[in-house]
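Look at the two complexes coming up: chain A is in both, with chain B in one and chain C in the other.
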Partner chain A sequence: MLTAIIEKEIREILGSAKFGITFGACIVLILLSFYVGAMNYKSSVEQYNAAKAQNLRQMEGLTSWLSLEQHRIFMPPQPLAALVTGSSNDVGRTIGVHRRSSIAAEDSKFSEDPIYAVFRFLDLTFIFQIVLSLFAILLGYDAVCGEKERGTLRLSFANAVPRATYILGKLIGSFVTLVTALILAILLGCLLLPLLGVSLTGDEWVRLAIIIGTGLLYFAVFLSISVFVSTITHRSSSAFLTLLVIWVISVLIVPRASVLLAGRAVDVPAVDNIAAQKATFSKQLWQDHQKAMGAFKPPENHDPTMMMDLFNAYMDSLSQIRESKMNEFSDRLNEDRHNRQKVQQQVAFNLARISPTASLTLAATRLAGTSIDIKDRFYESGIDYKETFADFMKEKTGMNITGGMFIVQSDGEEQEPIDPKEMPEYVYQPEPLRASLAGSVVDIGILALFNLVFFIGAFVSFTRYDVR
Partner chain B sequence: MLGSIIEKELKGILQSPKFFATFAVCSLLMLLSVYIGVKEYNAQVEQYENALSLNNQQLAESTSWRSLNFKAYRKPEPMQIFVSGLSNDIGRWTSINQMTSIKLQNSIYSDDPIFSVFRFIDFAFIVQVVLSLFAILFTYDAVSGERESGTLKLVFSNAVKRTQYIVAKMVGSWLGLVIPMLIPILLSILLVIIMGVSLTAGDWLKLMILVGLSLLLFTFFIVFGVLVSCLTRHSNISFLVSLVSWVLFVLIIPRAGVMMAGQFVPVPRVAEIEGQRDAFAKDLWATFYEESMQRWDEFNESANGDGGDEDSGFEMDDELLWARMQEEDSARKVVDRQIEEYEIRLQEELRQRKTAQERLAFSLSRFSPTSAYQLAAMTLAGTDIELKARNLDVMQNYRNQFVDYTENKIKETNDLSGVMMVEINSEEGIKINNKRNDKVLDVSDMPQYVPSDQPLSKSLASIVVDGGILGLFILLGFAGAFIRMLRYDVR
Partner chain C sequence: MAENIQEVTRPRLEAENLTKRYEDGVLALDHINFAVQPGEIFVMLGGNGAGKTTTINLFLNFVEPSEGEARIDGIASHKDPLAAKDKVAFVSENVMLYGNFSAIQNLDYFSKLGGRRDYTRDDYRDVLLRVGLAEEAHNKKLRGYSKGMRQKCGIAIAILKGAPAILLDEPTSGLDPKAGHDFIELVKSLKEEKKSILMSTHDIFRAREIADTIAIMNQGQIIMQKRASELAESNLEELYMKYMAGHNGQKIAV
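So, the complex of A and B:
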């Protein structure tokens, strides 16, 4: 009996014009998103390589590591970020490593190429969030009440069909058909990646698979909500309207409104205030030390080279003190702002999780490594790199490069040009898979829970449904 | 006759249960978006004013003309409440000083990426996504639905002209949807006033044009829904067709246009441009230092008379030395200028490429009326793609004034505070001379920075183009529906 109902459901869906049109649109959109993602990834790799090469070229011909004013490190483009853009276009991609001054990531894609920000990105998560959820509603809104309107529901129950079997068959039938159809479309899209020359590592394939799984779970949530609503309404038009309102609230309102609420609830100090505080403090330090420098008194020694060494050592020690004080000060301010930001994020995201759309966004971006944490991650790796680089410079030149000034002594001899390739290589480490999984498991769980709740809801309310 | 069909159509819309639900959702969304917009705008104004006062405070404390640093901020515009556009994506300020070139930094989204996770909903977004969806929802079965229920046959069994019928349909649905929609629009404008945002006369005019444009887009989707209903015979088919077209118009074409343009016209990254500049600067400085070294040698020789043993110690006229250092300083300035000119040339090239890319992207995306609307709305609100270039131009202009001003001041006051002189003298050891820098500067006559402002007259041309495109789309839709209706099989 169950299989007969499932079979009937599958045949009905596959044969309907509705399915043909929506599924056709889905395939086009999914393929388009994969294509656009792959092309974007390739062009950003090109840009990245060009920028990196230029970075090395500017060092060519330098004769001393000390004359290297600054160089840059870049966040490498990630293939998954092209499919799940998340925050990756909003945060800076370039860090200038100066001798002095603290580092900051600059030049986000959207601020550099605002053209992409005009209509935002067309990525896989966008298709899932907005288009597929809408299609899920479209395919499921009249599952029960539509049959009632057409009178076929009464017909079915004229036979000895248990209600539980009937609704189970309906749910399973529509889930299996639609999800299988989607998986086929997505697999086709995945196939595009290697065809277009984008190679993913094994780790990235696993991530992509989980992201797609999460997306399908999200699709299923909207499908089960639709079936549920169709079992509590008696006219398909009112079912559709109810679902559309739910869709608008879940996709458009809840996520944004929760960020707004969190923004009001948790106060985060403005960046400008912090920058001004730092500037004042730094100036204060510098002024104090300028006085101290003026007071430098060498011992009774008349050898100029010795004096120069002593002076250098003295300047070095001053700059070290200055640096450590400045670091301590700015660390404290940054830490405070960072902590508040974290609290704000927690509040916002927890509120937003009422909506399955928010859960999907959070889980997918976490898995793709483009969640909001990408900013901290890049910044922290930049700090680490700066330390490595300082060690490297100390080894090369014997000086603490972070100092405020140093004196280049030229003895007139021809010097060998430096080899920029000796420099320590910057490597961006994405979050390990295990950690990403752990971070997204809550959201995946929430999506599964939504599914379960509405599945049971549809089941229970159908057993009491008035089929006439 | 016309009147009674319109009346029937109006009743049909206003009395349907879906009308109330959609109307409520639209009102709620619009008010929410404007509320969020005003809150964010107020926060930005507060941040802006705070930043200005911090800036002034730092200026008042500075002691050296040479290292004088000014931060020029972008001013938040009240129109961004309705069309946030790119205002959150583009940096808010740039440093203006003698040493570094201008660069917009710290966009809102990069400072607080939390806001970028779910983006903002603004008025323009609601018009594009929600209102258009609802327009289609009410009109997709205008003709095919009546055919299915048999009322179409009934209507034409009377002496009703087909042209009259389709015009009445359009007018009726238009009145039934647009007039109720004006209520939440007016309410949200009222909310802006209640929440104490001060709007200038120019802003009001812009707001009125924005409402007009929004109604144009809304009208297009109403006409489009009727067109689809004339093209199909079953209402469920017409619903699907219009929904798929909606997805194309609203979500796909605008984005796909930009993506394609990005493929066709590649643009280098800013980091690459900066790398080129740094390489150029490095070469110039290398020659400069070499020459400078020579000049110092010559100077030492002439000052020393015989240019003899440097370790023997000599008395040098202090003022002569300062003058020499100033000379050296102006040579340095020349190099600075050269580098700056080179960078401006690079930036100019970059900008030209970007303009080409933008032109292609927007031409492609204008195949969708939604993009035409979005582009017009952003231009109107001053949050369009030109926002960055416009601000950079004003800032560059100001920087030129600023540099001239500080140069003059340095000359006038003979300020050498940025320069530190280290003397090595075997008699007295090392002497560091940096005494001339503890006075606070008087910056009262510094040129004032006036943030860029886009008067409506300048952007009107492009708004008219986009408005015209919208009008054209409406006309095409109307003509299509009209012609189809003449041949529609009413059975």
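So, the complex of A and C:
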């Protein structure tokens, strides 16, 4: 009997105009998201290569490594970021590693092309979050109450049909049909990637497969909610209205409201405030530095070379002390802000997880490497690179690049140009797959739990449903 | 010997003190009693709100009785609904099937719900021809069917279920005279197959044409119940009007 109900459900969905129209729209949108993602990725790769080449070109003609004011590092484009953009377009994609003590990521996609920030991208998460959740509602809102309105429920239950079997058949039938249809559309999209010249590594394919699986789990949540609502209402119009309200609250309100609430609950000092504190402290240090410079006493024999060496060494030590104090102060402020920010994020995310949309976003972006952590990850790798860069410069120049002043001597001889290829290469390491999986398992679990709760809800509610 | 006779003649459909009071206090059915034997057509005649559909709903366990029992082949519907429903088929006033499915597909689905997985397309074709549905319509989607055609599909589904009892809830309501006549002929043929049929209607003419027993219902009570043979010489319409006019909430005759 269960098979008969499942078969009927599949046949009924496939034969409906509603399915034809919504599924057709879904195929177009899914393929479009893959196409747009692939095109964006290719364009990002071109920009990345051009920026790297330009960075190296700036070194051409330099004859001393000391003349190198700064070196830029770039976050390489990730193919999955084109499909699940997450925070990748909001954070800076380049860091200038130079003599100043602090580094910061700059030139985000949205700061360069603000138009994209207005409407955002048509990526795979958008399709899942908005389109597929609506698709699930459209196809599930009248699963039970619609049958009642049409009169088929009464005839069905004039037979010896256990209610549990009936609702199980409906859920399985709807889920299998719609998920199979979506998987086909997504597989077509996946085929587009290599055809458009985007090659994914094995690790990335695994990540994409889990992202798609998570998206389908999210779709199933909305399908279960729809079936559940259709078992607590007796008119399909009421069910549809109820589901629209749930959709708006879940998809649009809860994630945004949770960020606002977390902002109220956890105070994070503004960047400007921190910058002002740093500037005041730096000014004070500089004044101390200048006083200390006056304390330098040249040797009595007045040998200019020896004096210069001693002066440089003295200045170097002063700079190091100043730098160390400034770094310590900055680090303390930054760490405090960072810690508060992390607490705020955690509060916001935990509140947002009331909505399945938030869980999908958090899991998908974590798996795609475009979660909010991308900023910290790039920054930390920039810090690491800065140390490598400093070691390299010290090796080449014998000086600490963080020093405030250099007096470069020239003996008048023509010098050989520096070789840019000697520069240490910057390598961005995305989060390992195992760590991404561990980080997203909670949200995947929450989506599974949502499914279970609404499935049981539909089941229990239907056992009391008036089928007349 | 007495036990054997009782077994053979046990009614397939029985209402015993069947009462239904809804949550809002409305008494929809008030201690009604009747029995339908194999090969008998029992007709409930009455106006809107008389309790005819509630009686059928109680047999199908769509609602639970407040008192008494509705039994199908000796099984109380509210106690073991699945076993009871296994022994009954149902045709409603307005048979609603899946509009995107053909008649054959609808028959196939509802037969399987009725526990019959052994039918072939030929079986479906034969039964559809028997109920008077032309072969060219068998594979057409039901959304284009007239009410008469859908009622024919409904009775075909009931036949295919092979249940010993059939509940008909105003099955000829809204049908044109020819379709109504064809339907009644089908019901008569089912009676020949010893089916026990409980039919509700407010069509006095049809009731007289088909019934073995007629019960006039009003305000949830059976106010008159007679064998058709007892009414042979009577004008049923006059009788109906007389009972309805004389009824003030008390049973006139049972």
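What we mean here is this: the second predicted complex is superposed on the first by the 467 of 468 C-alpha atoms of A that agree within 3 Å, B and C clash if a C-alpha of one lies under 4 Å from a C-alpha of the other, contacts with A are read in each partner's own complex, and residues count from 1 in each chain.
Going forward, a residue touches a chain if its C-beta (ideal position, glycine included) is under 8 Å from a C-beta of that chain, and two chains touch if they have at least 3 such contacts.
Note that the structure is predicted; figures quoted are calculated from it, not measured.
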*Following the overlay on chain A, give me a clash-or-fit verdict for chain B and chain C.*
fit
*Determine how wide the angle is at the CA centre of chain A between the CA centres of chain C and chain B, giving a multiple of 10 degrees.*
100
*Is A:467 contacted by the first partner chain B, the second partner chain C, both or neither?*
second
*In the overlay, work out which of chain B or chain C sits against more residues of chain A.*
B
_Contacts of A:152 with chain B and chain C, given as first, second, both or neither_ = second
*Determine, under the contact definition given at the top, whether A:8 touches first (chain B), second (chain C), both, or neither.*
second
*Considering only touches as defined above, state whether A:160 meets chain B (first), chain C (second), both or neither.*
second
*Look at the superposition and give the distance in whole angstrom between the closest pair of CA atoms, one from chain B and one from chain C.*
12
_Residue ranges of chain A touching chain C (in the complex, touch as defined)_ = 1, 4-5, 7-8, 11-12, 15-16, 150-152, 154-162, 466-468
*Using the touch rule from the top, collect the residues of chain B that touch chain A in their complex.*
17-18, 21-22, 25, 28-29, 32, 36, 39, 43, 47, 50-51, 54-55, 57-58, 61, 63, 85-86, 89-91, 93, 103-107, 109-121, 129-130, 133, 137, 236-237, 240-241, 243-244, 247, 251-252, 254-259, 261-263, 266-272, 274-276, 278-279, 282-283, 286, 293, 311, 354, 357-358, 361, 365, 371, 374-375, 378, 384-385, 387-388, 420, 422, 424, 426, 429-430, 432-435, 437
*asked:* With touch defined as at the start, can you tell me which chain A residues reach chain B in the complex?
replied: 17-18, 21-22, 25, 29, 32, 36, 39-40, 43, 46-48, 50-51, 54-55, 57-58, 60-62, 69-70, 72, 74, 86-87, 90-94, 105-108, 110-122, 126, 130-131, 134, 138, 237-238, 241-242, 244-245, 248, 252-253, 255-260, 262-264, 268, 270-273, 276, 279-280, 283, 287, 290, 293-294, 296-298, 301-302, 304, 307-308, 311, 341, 344-345, 348, 352, 358, 361, 365, 372, 374-375, 407, 410
*Flag every residue of chain C that touches chain A in the complex, lowest number first.*
57, 60, 62-63, 81-83, 85-86, 88-90, 92, 94-101, 105, 109-110, 112-115, 117, 154, 157, 161, 167
